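Some structures to go through are shown next.
Same chain, two partners: chain A is paired with chain B first, then with chain C.
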Partner chain A sequence: MVLVLALGDLHIPHRAADLPAKFKSMLVPGKIQHILSPGNLCIKEVHDYLKSLCGDVHITRGEYDDDSRYPETKQLTIGAFKLGICHGHQVIPWGDLESLAMLQRQLDVDILITGHTHQFKAYKHEGGVIINPGSATGAYSSITYDINPSFVLMDIDGLRVVVYVYELIDGEVKVDKIDFKKAQGSS
Partner chain B sequence: MQAAEHDAVFTSAEEQEKWLADAMALVQHHAFYMHRALDANNIRDVLKFSAQMLSELRTSKLSPQKYYELYMRTFDELRQLEVFFREEGKRGRLNADIYELVQHAGNILPRLYLLCTVGSVYIKSKEAPAKDVLKDLVEMSRGVQHPIRGLFLRSYLSQISRDKLPDIGSPYEGEGGSVMDAVEFVLQNFTEMNKLWVRMQHQGLVRDKEKREKERSELRDLVGKNLHVLSQLEGVDLEMYREVVLPRVLEQVVNCKDELAQYYLMDCIIQVFPDDFHLQTLETLLGACPQLQPTVDIKTVMSQLMERLSKYVAASPDVLQEFLQVEAFSKFSHSVVEVIDAQPDMPLVGAVSLHVSLLTFVLRVHADRLDYIDQVLGACVKKLEGKGKVKDSKATKQLVALLSAPLEKYKDVVVVLKLSNYARVMEHLDYETNKVMTVVLIQSILSNSTMISAPDKVDALFELLKELIQDSEGQPLLDMVDEEDFQEEQNLVARLVHMLVNDDPEQMFLILTTARKHFVQGGPRRLQYTLPPLIFTALKLVHSLQAQDLPEEGEGSGSVSLKKVFQFLHQMVEALAMVPAAELSLRLYLQCAEAAGDCGLEPVAYEFFTQAFVLYEEEVSDSKAQVTALQLIIGTLQRTRVFGVENRDTLTHKATGYSAKLLKKPDQCRAVYICSHLFWVEDGGTIDGERVLLCLKRALRIAHAAQQMSSATRGTSGPMTLFVEILNKYLYHFEKGNPQVTSSVIQGLLELIVTDMQSEATTHDLEVDAFLASTVRYIQFQKQKGDSIAEQYASIEVQ
Partner chain C sequence: MPPKPVPAWLNSSAWASKPRSPVRSSYSFKEISTIQRETTSAPPVGEIGGQEEKDPSSSSSSGGGSVRGAVTHQQTATLTTQARGNGLGTSSQQLSRRRIHLAELQRLSSQGIPDSGSIRPISWKILLGYLPKNQDDWATELAKKRAEYMIFRDEMIINPSEVTRRKEEMEALKAADMEAKEGLLLRQEITHDDHPLSLGTTSVWHQFFQDTELAEQINRDVKRTHPDMDFFCGDTAYACENQEALKRILFIFAKLNPGIRYVQGMNEVLAPLYYVFKTDRDDTDGAHAEEDSFFCFVELLSDFRDHFCQQLDNSAVGIRSTIAQLTALLRRHDEELWRHLEYTSKVNPQFYAFRWITLLLTQEFSFFDSIRLWDSLLSNPDGPLEILLRVCCAMLLCQRSRLLAGDFTTNLKLLQHYPAIDIQHLLWVADDLRG
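And then the complex of A and B:
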């Protein structure tokens, strides 16, 4: 069992002061093995905070990130899964699942973590799964109105990944889960 | 009387040990003979040997600590003596006679110890009234004027008389006297003991002052014990305390003019007597404070008192009534002023500390009285008047404590903002400290999630945070400022913006304009941090106005409207662009454009796009930055549906133009094929299949050109990445049903790619292979889908 946290589009401090308190109290150091963030943190303090939760942090560049050294895309392997990260402002039309699927084919990954729309999505298609963890702070987006803060926790176990999505709705944290299974023998 | 001896300098520890040992041995020696006489009932010998034993206490050589040991040894023996005297009484001898007999002892000190011992038995026997014996003893003790010897003697008197005082309910009341006599006795003993104690200070050489003070310290409880005795007397009720005890004790405290004594005794009074006594005699007690020596740490004394009373009210909340009735706060605050006035040389830190103690008291006892708190701050401001920025670091520390206390208590900056004197106190902090305080304030807001919703409170808050938000006189030079620190501070201010929230759009807009008023004074260095959060907050306001479905123009001239907010936004982004902050401003113009588009405001949206494009053309010259900027432009434009044909054409034409002019061929290629999406917008947007195809074809041409360039310069035509990407885009548009994108076109492209990839001229790339493979897989998958998609894909053949 490997726990992977996916969260992004925090937009601190331009659009939000901080992560919601209820999220912060849940995110305890030492419990998570990897953190994947599509980007738009935006400042160093947020990067440092993520590093304090877990040593293995992967971040791609969002268009508002201070640190221009984050890469445009990233690929890594965790267990039996190949994962890719890309913020998504590069993929037009924004939020378009077919266009994102094209990126996924190009990166050749089972799971693509992306952001930019601030809206949670978990979409399974022929080539794999696309996950958008939404905005962890519920930051303003021109694309999506009425955003609830959300993030995703993936539990990778063999050929199976359980995707837990945590959403803050009216002050309460609601959890949902989705199961994905990778076909045996697929590359 | 003792001969005046130069005895104040006590010598080394070794010598002390030796002298003590010698004296103890002698005490032992005489005690032995005394015991023999006791056994033999030989009173004459008893008195003779006991007097000799007690003579050891006549020494001047011992330090207080060592003298105490000797005293205790002797004390034990005197207990035996007392028993003997009692026995004598039973045997028929009158105590009066023994009392007479012991006065024949040669030296005064032994004589007095013996008298006290007999006196104890005498009182107990009730042969004479307690009050008479006590009076006699306390006055005769005047005969010993040597400080240490006198203190221990009187201490002995106090000890043995303790249970024989004519208190209310004691066996010695009535004939033996009244509690008034008891009080009188103890007061007299106390007064004399204090005088002796103070006298120690003035003996000996000046250079030994510290040592003397240390030794005095060791003896202080002997003096304080008397107050303890007074507090234990049943008959000392509030009235007795108020009319007799306190005034007499304070008289001695003030008149002795001794720093050590004053400090100790004031503290003693406070600790020993009950809280409700203090509450009822507050004025008298506090009245003594300004009369004390300037070197006395009066602040600590008053703090102790306030601390005790705070705990009192915390333990029994119904006492609060009494506090209000006696006007405790008022008395304390007057007293503070009086003490400060009485000591013109008091350093600033002392004065401020006093106010800190008073404030702590108010916060604990009268937490609901913001007016009291403001009063304390006001008194402090008055003291600071004319002093400008405080330079003394200790005083500054106390000022910070003063300012932090209400914050910590209420955890709500809004409450603090109600204190009119708060800002005035802050003005006296030096630049660095002021900034520290502003950071404390903001962090308090953030960590307590305090929301501030009133525009006037926002205004007041930013006034407090002035040093952070604007340049000011006291600040260090630009090159001395640490860039990281500066960024952190400004980011704090940015975060703060999100805590200023009001659901009413009118009020929210007022908050925005208030914030802007303060931020624009911050200069270009700050704007890039402070304006973006304002801009996004304004965009959120646009969203909520949309939801409320208000008319475009507000109802009155003062009311908020979409138009007003967009004007505000325009001004803000423009100000940001002038910093200069081109890339950031470009992004924000696009955000505003999208928001305006969603509101149906075509001219406004067009204007924002124009500004974004101008920035792109004039200010964004870095290739990488251009690529991202263009992605954002195209992405935003693709989503915008508000434009009529003309405006749309102009903007898309420009966007495609920029795409073709990017420096690197691959970037060009990608930007151009992304532009294809500009011409296929479903749900009421543009649908132009031909223009889509044009973009795709152009992208192909650019990809070919890139191949040629690569062949010419590197010998191979490079990887086929771009071609596979373009293929995927063809598939996208094919599936959308663009009639221009036929299956034969796709088939042709597919075969081209497969062929080229097998050619030697092409750079072999595993990633491209995988990409093509997954694309082919996708096509195969689509072919097997059981709906119209499969039909579409039927004619495409793949291996």
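And then the complex of A and C:
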């Protein structure tokens, strides 16, 4: 039962001051085992905050990140699943599911965490699942101003993943979930 | 033993600076005990033999009394055949008896339960009140209690992912939905705040995270229980299994008793119980060691739970008052030693007696010595606390000469690292302090 937090596109301090208070009150240390962030944090203080929530933080580089040492893409294995992270501004057209699927096949991962569009999306294709946690601060994107803050928490349990989607709509936190199973025996 | 004007322990050779060799002591004690047994009626001997698997070796060694077997086998045989000679005649009558005479069992157990067969696990279970006195009821009682434990286990030890999965299966989600679909995945509503970050008290997840802290504390202590024993510590699957069982027992106990929860030291009290039940020769009982030791642990702790509660420290039932009872007992029997400890060397009894009393002397002697000690502790008709205090007093008395000669540092060191001593002799001294 591994809890993995995926959140990105915070754009602190340029486009947003901080995470919404309701999100912050929920994110307490000690519950989460891994944090994956597609990028665009953008400053070191945010990195330190994420580190305080959980020791194991994986970040990839977004186009506005201050720290240039983050890698473009990252792959890791948690339990039975292979996860990949990439910010997504490199994949053109932005947010195009077919192109992201291509990236996923290149990285050879079951779950691809990506960002940049600031819209939550969860898409399944025969190669795997693409999850876009959206923007955790609700920062405006290159495409639109109308963004609801959102992030994703995955509960990886054996061959099954439950994805909890946390979205802030009209000042209230709404939680939904998505279930999917990995086919037995597939690599 | 007939009352004597001068306490016998005062004349014993334990006052020499070195403890006596074990062989001498157990031999002399066995002589006394077998003479006694011959004069009293033998049915109790037969009774023990009758209730267990009629193991001839076990009945002969129970006739001998001492577990050590420091005396040669032949001597044991000759001593005990005399006892058995009286017993065999009535023991055949006793074998058909199904009702256990608790007082007799207590009397015999206090002299040491033999290691062979399943005598010790079953005796401990009877003495702690887990098994009823009527043998016919054993099967039903055991089945009932074991089932109860399994219910506790399922309720208390929760894996939130499992719970959410089970809930969904109950809501009859089509499995096909999860498998083949391509395209945008649909989001489903969740009920009752059932997400991992929920702060609501109804959430399974919230409970789980609160329990993790407790579980971690228990885990730390269980890992440190008896590191020298392969049974408890090590990389083997057996040791891991035992550790997991101990953790589960302590966790369930803590959840069922929110008043005292888990206190460091409970693992030490549980360890001998679990060991004795798990190493039961009877495999069916050994497999249920976890359930049995849970209930026996609860029974045993019911006498001593106030010692673990910090708020009761200064009250009339707390640990301080028990320690005060111990010092009063010491004063009654040996004023000079008491005065020396209290005033001259100023050794606060809390420094040594706290661990002796709360952990029921498991940390002061070797593991198997403490099991022998527990035979007497559990079989005391006046309750284990009474004999515990007498044994602690006896421990002080047996080191009398060294304590009187020492100052604060040496005395404290001596009492906190109590030297090896013959348990039989210690119990004999403790027995003498009765009344």
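Here is the rule we go by: the second predicted complex is superposed on the first by the 185 of 187 C-alpha atoms of A that agree within 3 Å, B and C clash if a C-alpha of one lies under 4 Å from a C-alpha of the other, contacts with A are read in each partner's own complex, and residues count from 1 in each chain.
Here, a contact is a pair of C-beta atoms (placed from the backbone, for glycine too) under 8 Å apart; a residue touches a chain by one contact, two chains touch by 3 or more.
Just so you know, these numbers come straight off a predicted model, no measurement behind them.
Annotation: superposed three-chain arrangement on chain A; chain B versus chain C shows no clash, the two fitting side by side.
Using the contact criterion defined above for the overlaid structures, shared-chain residue A:Pro93 touches chain B, although it does not reach chain C.
With both structures placed on the common chain, the touch criterion links A:Phe180 to chain C but leaves chain B unconnected. Touch criterion met: A:Pro13 reaches chain B, while chain C stays clear of it.
In the overlay built on the shared chain, the residue A:Glu126 is in contact with chain B and with chain C. Of the two partner chains, chain B is the only one touched by A:Gln106; chain C is not.
By the touch criterion defined above, A:Ile143 lies against chain B but remains apart from chain C after alignment on the C-alpha atoms of chain A.
In the superposed pair of complexes, A:Tyr49 makes contact with neither chain B nor chain C. Put simply, if you stand at the Cα centre of chain A and look at the Cα centres of chain B and chain C, the angle between them is 80 degrees to the nearest 10. Smallest inter-chain Cα distance, chain B versus chain C, after superposition on the shared chain: 11 Å. On chain A, the surface patch touched by chain B in one complex and by chain C in the other comprises residues 126.
Only residues 159-162, 164-165, 168, 173, 178-179, 181-190, 193, 195-199, 209, 212 of chain C touch chain A when the two sit together in their complex.
In the complex of the two chains, the chain A residues touching chain C come out as 1, 3, 25-28, 30-31, 121-126, 129, 153, 155, 157, 160, 162, 164-166, 175-181, 183. If you check the complex, the residues on chain B that touch chain A are 446, 449, 487-488, 491-492, 494-499, 529, 532-533, 536, 539-540, 543, 587, 591, 594-595, 598, 628, 631-632, 634-636, 638-639, 674, 677, 724-725, 728-729, 732, 735, 767, 770-771, 774-775, 777-778, 781-782. Within the complex, the chain A residues that touch chain B are 11-18, 21, 43, 45, 63-64, 89-90, 92-94, 98-99, 101-102, 105-106, 108, 126-127, 139-140, 142-143, 145.
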